[in-house]
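Residue numbering begins at 1 within each chain, and the chains themselves are lettered A, B and C in the order written.
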Amino acid sequence: MTTSTALLLADLTGVAVFAASGASAAVAKRLDLFGVVFVGFVAALGGGIFRDLVIDEVPPLAFADWRYAATAAVTAAAVFWLHPQLARLRTTVLVLDAAGLGLFTVTGTLKALDAQVPAVGACVIGMLTAIGGGLGRDLLTAEIPVVLRREIYAVAALVGSVVVAMLHALDRAEAGWLIAAAALVFGIRLVALRRRWSAPVATLRPPRGPGL
Amino acid sequence: MTTSTALLLADLTGVAVFAASGASAAVAKRLDLFGVVFVGFVAALGGGIFRDLVIDEVPPLAFADWRYAATAAVTAAAVFWLHPQLARLRTTVLVLDAAGLGLFTVTGTLKALDAQVPAVGACVIGMLTAIGGGLGRDLLTAEIPVVLRREIYAVAALVGSVVVAMLHALDRAEAGWLIAAAALVFGIRLVALRRRWSAPVATLRPPRGPGL
Amino acid sequence: MTTSTALLLADLTGVAVFAASGASAAVAKRLDLFGVVFVGFVAALGGGIFRDLVIDEVPPLAFADWRYAATAAVTAAAVFWLHPQLARLRTTVLVLDAAGLGLFTVTGTLKALDAQVPAVGACVIGMLTAIGGGLGRDLLTAEIPVVLRREIYAVAALVGSVVVAMLHALDRAEAGWLIAAAALVFGIRLVALRRRWSAPVATLRPPRGPGL
């Protein structure tokens, strides 16, 4: 198996995992088959479409390579028909979702750096690639995006994208190090899930004084 | 009347119809005049702006040709002032909306194919062109997009875009066949409305057993 | 101080002000630190990212110049930690927000005209640059965008963008006139706030007749 085949397989795994998360949310909202496939498509490919638009890779990969859309659609349709069984797989899905987060962070940041985006911008683009699909999923299902509310999620992606930018600056963006960066995001996310870590929430002052 | 004049007229008809649907939704949400015009603009032109961004036709036609923005704005403003009368035209609006759906599907798919997007991606882009405005309208008015919930709508667009892609592959993308494809979308949508067809909805298992 | 330094400072001031408005909305929704920074980022830079995508300035300035993202992130984080004190600054924030509105309208319209977008399209793009961040902020916090509901806000931006387009057509787009255009938007917005001006809202007919 060549490197590019390995990368494609890894990429499509990420697409499938995020499609499954989007489809699950859509099923819970009682959307129809088309709605489930559509939300799955957005969750799986929305982040990458945004990334490709801002780095001027047009048409975006999601439209240029049919395997991306097909993977997302088939996965989402499978969730639609199989979801009662999938409920028992919740932990598996969370773990795969963390793996997808790591992967999309690394590929998104790298693609932006390769398109000559400066380091800070590339980190933001990498993070948005990883969390963009989840944002789209929550907007479509009329929720305040969960990524903005709960747990260490985007922060894990941001850490990973900074590591990738540093590797790139040191000219060490080799397969081994990149896999380590993806694994770092994956690990942070899993530990955060396990320990229920969250970013701090601002305290809103309660009304004070007697009688109020 | 030349072919391109006919195409422009057809396109602007689609813009007007979708602007009217967006403006109606905004009036129902008690938005002000500007809000009504803005939602009408998004409903009429949002799908096309997205299409032009992903096929790198910049600036998008909605900004490059003033007649598009003007048609959308004038129509939406007219709905704002005339809407009590329009309520009686609900059936007419639904029929025109179905016509717009067929038209935007065909032009969206064709433009993507002409921009060298592969067939599967072009079908998705064609469908998104047709349903994108309605999605934007519902996001702005804080609704779960109706296109994801009810009836055969996006599916009709998808069928039409596949037909256009097949015609293109067979080198038969001539006016007559394209009109037939638009008419097919129109027809599917009307029949779905008439018979209240819907895509299937996943069954959520009710709690079972006595006492629970 | 050179002109371009002055422009950059003015631009970054606008970014900071809009980031503060986004962060305040996110704090009120109980988002975590990351969510507050993210919504601040979208509010400050969303309009500009959209503008740069439609005029094909890629990567957008928000990603190409680290000072933009840094200003937005630092401001939003400051609001997160300082917000109880900021509550007393509400009037100040509204005034600064009006200043940002004027600034972004002028720079957005000018950039679109410089990118050869025709006048009508450039006005729409200028207005969207100015109001786009606020739209994104409200979508992320699951509100019907306030810009669509209340007061003269987008209309002030639209007036300013038309003035800029006219100056450009007359070849008088010089610093003095542009500042005047920004001041005009600022002034309209302040007067609207002061007098509680609003765009008209469509009347929904109440049910009529006795007993209903």
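Throughout what follows, a residue touches a chain if its C-beta (ideal position, glycine included) is under 8 Å from a C-beta of that chain, and two chains touch if they have at least 3 such contacts.
Quick caveat: nothing in here was measured; it's all calculated off a predicted structure.
Peer 1: Chain touch graph shape: choose line, ring, star, complete or other and state it.
Peer 2: Topology of the interface graph: complete, with all chain pairs in contact.
Peer 1: Through what angle, between 0 and 180°, must subunit B be rotated so its C-alpha atoms fit those of subunit C, rounded to a multiple of 5?
Peer 2: About 120 degrees of rotation relates the two copies.
Peer 1: Between subunit A and subunit B, what is the gap in Å from one C-alpha centre to the other?
Peer 2: 28
Peer 1: Counting only residues that touch at least two other chains, what does the list for subunit C look like?
Peer 2: Expected reply: 53, 56, 139, 142.
Peer 1: Enumerate the contact residues on subunit B facing subunit A in the complex.
Peer 2: These residues of subunit B touch subunit A: 53-56, 112, 115-122, 124-125, 135, 139, 142-145, 147-150, 154-155, 198-202, 204-205.
Peer 1: For a test of understanding, state which residues of subunit A touch subunit B in their complex under the given definition.
Peer 2: Interface residues on the subunit A side: 26-36, 38-39, 41, 49, 53, 56, 58-60, 62-66, 69-70, 80-81, 83-84, 139-142.
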